[in-house]
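Mind having a look at this structure? Questions to follow.
Per-chain residue numbering starts at 1, and chain names A, B, C and D are given in the order in which the chains are listed.
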C-alpha cells in the first residue's frame, strides 16, 4: 500500500506544473492538469481503500515512512503517512469532493484573470489537506494544519482588489491562529509528556502516562485548535466573512473539508480525549451550543452564502456533539454526508449567483426553478438531506448523532439537537422557497447585466455535472452508513460501543426528529409559499428576539464595544499616530494594541546615540543587579 | 614556533587571512572597470577555506597552548559564517558597483570580518574572543560607513562605532574581573579554577561574567543592548546590513557558546533567570516594535532582534538538544535572512533603492519570481511549515520544553504568532495591494539571482530535509555534552 | 607606598573628571594625557614596567598626538551645539552611573584576591630576566596567535582609516 | 603594601567617569576620549589583579588591549573626520537622521 504516497503526490505535482508551466499550458491545459491531479489522487485513494479492505479488519493500519524529517538525540520525527480506515475515508472525501469542485471551478472561474493562480492554490489546498489527514504524527499534522490555513487565507482573499476580501482573509488567518496557538501548545505538551510525537507511541502509552488533569489540559488545548479551525463558539466569527472568497472555495474549504479538520483531529486523538471526561463534555457542549446558536442566526440572514456559512457552523457543531459523546463513527459519517450536501448547496448557490450576475440577496431572487431546472433539482436534494428527511443522507447521519447523544445520557444535549434540527429545516426551507419558488424578484437590470440575456440561464454542463453527482451522493449517501461504521469500527475498537437502544425507543427518536424537521419545513412553507403568515409580521411580533438574531446577536458589536473601543482609546493615548480606521473583530483589536504598543515603543528609538548608551547602561545595571544581588 | 600540525589545523583561518591580503594586492593591478573579478576571487577564497574546514571535520585540536580550538563546533559555525559571507558577497557585487563604492577594500574587510568571527568561534582564550570581536567589529564599523559621502551611512558608522566601543569597554572590564577571580583567561583554565577554587558564588566572578555577557549581548543585539541595530541596518549598505545580521549574530552566539560551554558550564544554573528575562525582552521588544515599521531594512532589523531572542531559548535549555538547535537555527536563519536582504538588494533601480514597505506593492504580478522568493523567506522567518524557519523554531521551542522551560516556550510561541503579522504584511503588500505609482524596478544580475536561488534552496532544504544538518550540529556538541 | 598611591590616584581621577567636564576639546585631550601618564605611574607601582612604558610611548605619546592633531586640523575645539536636546539625560545618567559605581565599589571593597598556584613574585620575574623580557617572551610563545591576530587587527584599522578618511580612493 | 581593593575601587571610579562622559557629552571626540578612559580603567584593573594574582597573563592582556585601542582610535578618528568634513558638526545630537 506504499502507493498511498501518490495521494498527496499528484496534487503536489499539480501545483508545481501549474505554477511553473501554467503560462504555456493555457487555460484548458491548466484546468486539465489541475483536475487531473486531483482526479488521479482520488483514483489512488480508491485503490488504497480497496487494498485496505482486502486485509483483515484488525490489521488495517499501514504506516508509510517517507523519510526521517527531524531527529535530535533520542527524539525523531518521520514524514510518515498513516493509512487506516479513518484516514482512508477522509482522503476519499477530500479528493472526491475536491475533484468535483475542481471540475465545477473550471466553469465557474472561466472568465477570471487569476485562473492559473486559483488552480495552483486549489491544488495546494488538496495536497495540504491530504497531508493533514494522512499524517502519522502530530508534527506533520501540524504542518498540514498550518498549510490548509494558509491556503484558506490565500483563497479567501483571492479577489484581493475587493477590500472586504483582503480583510476577511486576514481575519480568518488571524482568528484561526489563536486556535493554532492552543494547538501548538497542546502538541508541545504532548511532546513534553511523551517525548515523542508519533501517534502510535502516544496513543499506545497514553493510559499509563497521562493523569486526568494532564489529559484534560492537553485535550482542551488541542480542542482550542479545533474550535478555531472548525469555527465553533467563540472563534466562529471568521467563517461567515470567509464567504468573500470564490464560491467553489467556500464549498471545498469552508464547508466540505478544511473546517472539518477539527472534527477529524478530535476523532484521531480520541484516545486522549477519553482519558479526560471533562474535555469530552466540553466538546459536546460547545458542539451542541454552536449548532443551536448558528442555526438561529441562519434563520434571519438574507445573503445566500451567509445562510450556508452559518449552517455549516451549525452542522460542524453536530459533528462535535457526536464526537463529544463518543460517537466517533457517527461524527465522521455526518462529516461525509455533510461534505456531499453542503458542497452541493454551495455549488448550487454559486450557480445561482453565476446566473444572476453575482446577486447574493435571497430577497431579490425567486422563481428560479423554471429557469434553472438542474440547479434547482440538485439544490432540492441538498435541502432535503440537510433537513433530515428520510431517505436522504442527512437524515441517517443526523439521526445517528442524536441517537448516540440520547443513548449516552445527555438528554439535554439531545433535546438541543432535535430543536436545532427543526430550526435547520426551517431556515433551509426558507432559503429554498425564497430562491427557487414564488415570483421572480430579481430586477430586470440584474438579469440583463448577466451576459446580455433577459432571463437567468442554466449554468454550463461543466458546472451542472458535478452538481448532479453530488446530488446523487447527497440523496443516497445515507445508505453508506452501516458500511462506513463497519469499516471505521476497528479504529474505535478500544472505545466503548454505544449502548444500543431498544428498537422502540430508537423508532420514537427517529419519529421525533423527523417531526421536528417536518414542522420546520411546514412553518417555512406557511411563511414563504402560502404566505399564510407574514414573516415580517412575525419578525415585528418577535421584536427584540428577531433583531438579536438578525444582527447575529450583536457579537461583532459586543466585541467592538467591550474590547475594541476601550483598547482603542488606550491605544490612542499610547500613540498619537493611530491612523487606521474601521477595524473590527477581537483579533484585530489585539493586533491593534500590539501595533500601537509598537508605535509607542518605537519612539524609544530616538536616534540619539546618548539615549542608546543610557538604555545600555540601564541594561548593564539590570544584569549586574540580577547576577550579584541574589 | 607553531608546529606543522597547528598550522594545518588552523589552515582555514590562514587561508582566509592570506586571501584578504591577496585581494588587496590584486586590487592594485585591476582596472576600476573590472573590479568585480575581486568578488569572484574572494568567493574562491571562501570556497577554499570551506573545503579546508570540511577536511578537518571530526578532529579535535587544541592549538597555541589552548588559545584556539579547532573542533566540530568551531567548524560548523565557521561554515555558517563562510556561507553567509559568500551569499553577502554575491549580493554586494552589483550593488557596490551601482552605488559607486566598488573598491577592493570592501572585499578585504568582509573577509577579515569573517576571519574575526571564525576566531571567536574557535577561541580557547578570552583574549582571542576579544581580539576576534575587535577584528569583526572594526571591519563592520568601516563597512557600515562604506558609502563614505552618504550622511546616513556616516551616521550608522558613527553610532555603531561609539556604541560598539562603549560595549567593548564593558566586555573588557568583565574579562578583567573574571581574570581577577580565576587568575587566567584560558577558558579551560577558568573551568578548572572554578572547580578547584570553589569560586561558584564569587561576586567578582559573577560581576565579571555579567559584564562579559553584556558585551556579547550587544553584539548579538539583545534588548536592551539592541538600540544600535535598526539605525545601523538602515544606514549601512544593504548587503552589509544583511551580512551583519547573520555574521555578527552568529559570531556572537558562537563566542557565547564557547565561553559558556568551556568555562562556565558549572555556573549555568545561576543564569537562567537573567537569560530568560533577556530572551523575553528581546523577543517581545523586537516583535512589537517591528509591527510599527514601514521601512524594510528596519523591519528586518527588529525581526533579527526577535530572532536573537528565540535563539537564546536554546542557550537557556543548555542540553544537547538545545545547543544543537541553536546551531541549526543559526544556519536556517542565515539562509532566510540573507535571502530577504538579497531581495531588497535586487529591488533597485541603479542607485535608487526601494526600501519602503509600500514600494513592495504590486511586486507579486510585476516580478513574480522575486516576490515568490520573498514570500518564502517571510514565511520561513514567520515559522510557517514546511520551511527552515518552522523547523528551527520547533527545535528550539521543543528543547525549551524538554529542559523544563515550558512557560518560556509558551511565550515564545505567542511571540511568533505576533510576528506573523508583520511578515505576512509584506506578503499581503506584495500580492494584494495595487502600487500607488510605478511598480518598483528590479535589478537583474546573475550573481544576485544565484544568491537568492541558493537562499531559497537552503530555506526549503533545511525545512524539508534537515536531518543531515541536524546530525552535523549534534556531532559538533559531542565533546561538551556527550550525545 | 600607601601615600604614594593617593598622590597618583587623585590626579588620575581629577584629570579624568576634567576630560569629561572641559568645554574645550583641546583641554580635554591634554587632561587625558595627564590621566594616561598617571595611570602609567600606577602600572609601575604594580610591577608592570613594560606596560607602563608602552602606555607612555604609544598611548600618551602617539595616540594622543593623533587626537590633538585631528582636533586642531578640523577646528573641533568646541564641538557641541548650545541647545541641550535631552534635558533629562544628565540627571538620569548621573543616577544610574552612581548606582553602577556603588555596585562595583561594594563588590570590590569586599574582594580578597588569592594568588594563583605557582604565582610569580616581582622577585621571581626579576630573576627570570626582568619584566620586559618575561612579558616579551610570553608574547612570542604562549600568545603567538594573539600577536598575529593583532597584526591583522592593525591592518584592518589602517585599511579602515584610509577608506573612510581619504578624499579619493 | 597598598591593598588591591584600592586599585580596584579606583578603576571602578575611573570606569564610571568614562561611562558618564559617554552619556553626558555630545562632542563625538570627547565621547571617544571617555571610552578611552573606560578602557584604561579596565587596564588598571587588569594590571592590579595580575599583580595580586602573581600572573603575568594580565599584563600580556593589557598589552593587546593597548594595540586594540590604537586600532580603534585610527578607525574612530577616521569616522569622525569624515563626518566633520561632510556635515560640519560632530555633535552627536545633531547627527540624528536615523531613528524610529
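Quick note on the criterion: a contact is a pair of C-beta atoms (placed from the backbone, for glycine too) under 8 Å apart; a residue touches a chain by one contact, two chains touch by 3 or more.
The shown structure was predicted, so the numbers you read here are calculated from the model rather than taken from an experiment.
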Identifier of the chain whose CA centre is least distant from the whole-structure CA centre: B
Most widely separated chain from chain B, with each centre as the mean of CA atoms: A
Contact-richer chain pair (by C-beta pairs counted) among B-D and B-C: B-D
Euclidean distance of C-alpha centroids - chain B vs chain D, Å: 26
Separation of mean Cα positions, chain C and chain B [Å, integer]: 31
Whole-Å separation of chain centres (CA-atom averages), chain C against chain D: 6
Whole-Å gap between the CA centroids of chain A and chain B: 42
Residues of chain D engaged with two or more neighbouring chains: 8, 15, 18-19, 22-24, 26, 28, 31, 43, 49-50, 52-53, 55, 57, 60, 64, 68, 71-72, 75, 79-80, 82, 92-93, 95-100
Set of chain B residues in contact with two or more other chains: 127, 131, 134, 138, 141-142, 145, 148, 157-159, 162, 166, 170, 180, 183-184, 203, 207, 230-231
Residues within chain A bordering two or more other chains: 602, 605, 607-611, 613-614, 617-618, 620, 624, 628
Chain contact topology (line, ring, star, complete or other): complete
Touching residues (chain side chain D, partner chain B) in the complex: 8, 15, 18-19, 22, 28, 31-32, 35, 38-39, 41-43, 45-46, 49-50, 52-53, 55, 57-58, 60-61, 64-65, 68, 71-72, 75-76, 79-80, 82-83, 86-87, 92, 95-100
Contact set on chain B toward chain A in their complex: 158-159, 162-163, 166-167, 170, 203, 206-207, 209-211, 213-214, 217-218, 223-225, 227-228, 230-231, 270-271, 273-274, 277, 285, 288-293, 320-321, 324-325, 379, 384-386, 390-391, 394-395, 397-399, 401-402, 406, 409-410, 413-414, 417-418, 420-421, 424, 428, 431-434, 464-467, 470-471, 474, 483
Residue ranges of chain A touching chain C (in the complex, touch as defined): 608, 610-611, 614, 617-618, 620-621, 624-625, 628
Residue numbers on chain A that touch chain D, as the complex places them: 602-603, 605-610, 613-614, 617
Chain C-touching residues of chain B, taken from the complex the two chains share: 2, 10, 17, 24, 63-65, 67-68, 103, 105, 108-109, 112, 115, 119, 125, 127-128, 131-132, 134-135, 138-139, 141-142, 145-146, 148, 157, 180, 183-184, 193, 197, 203-204, 207
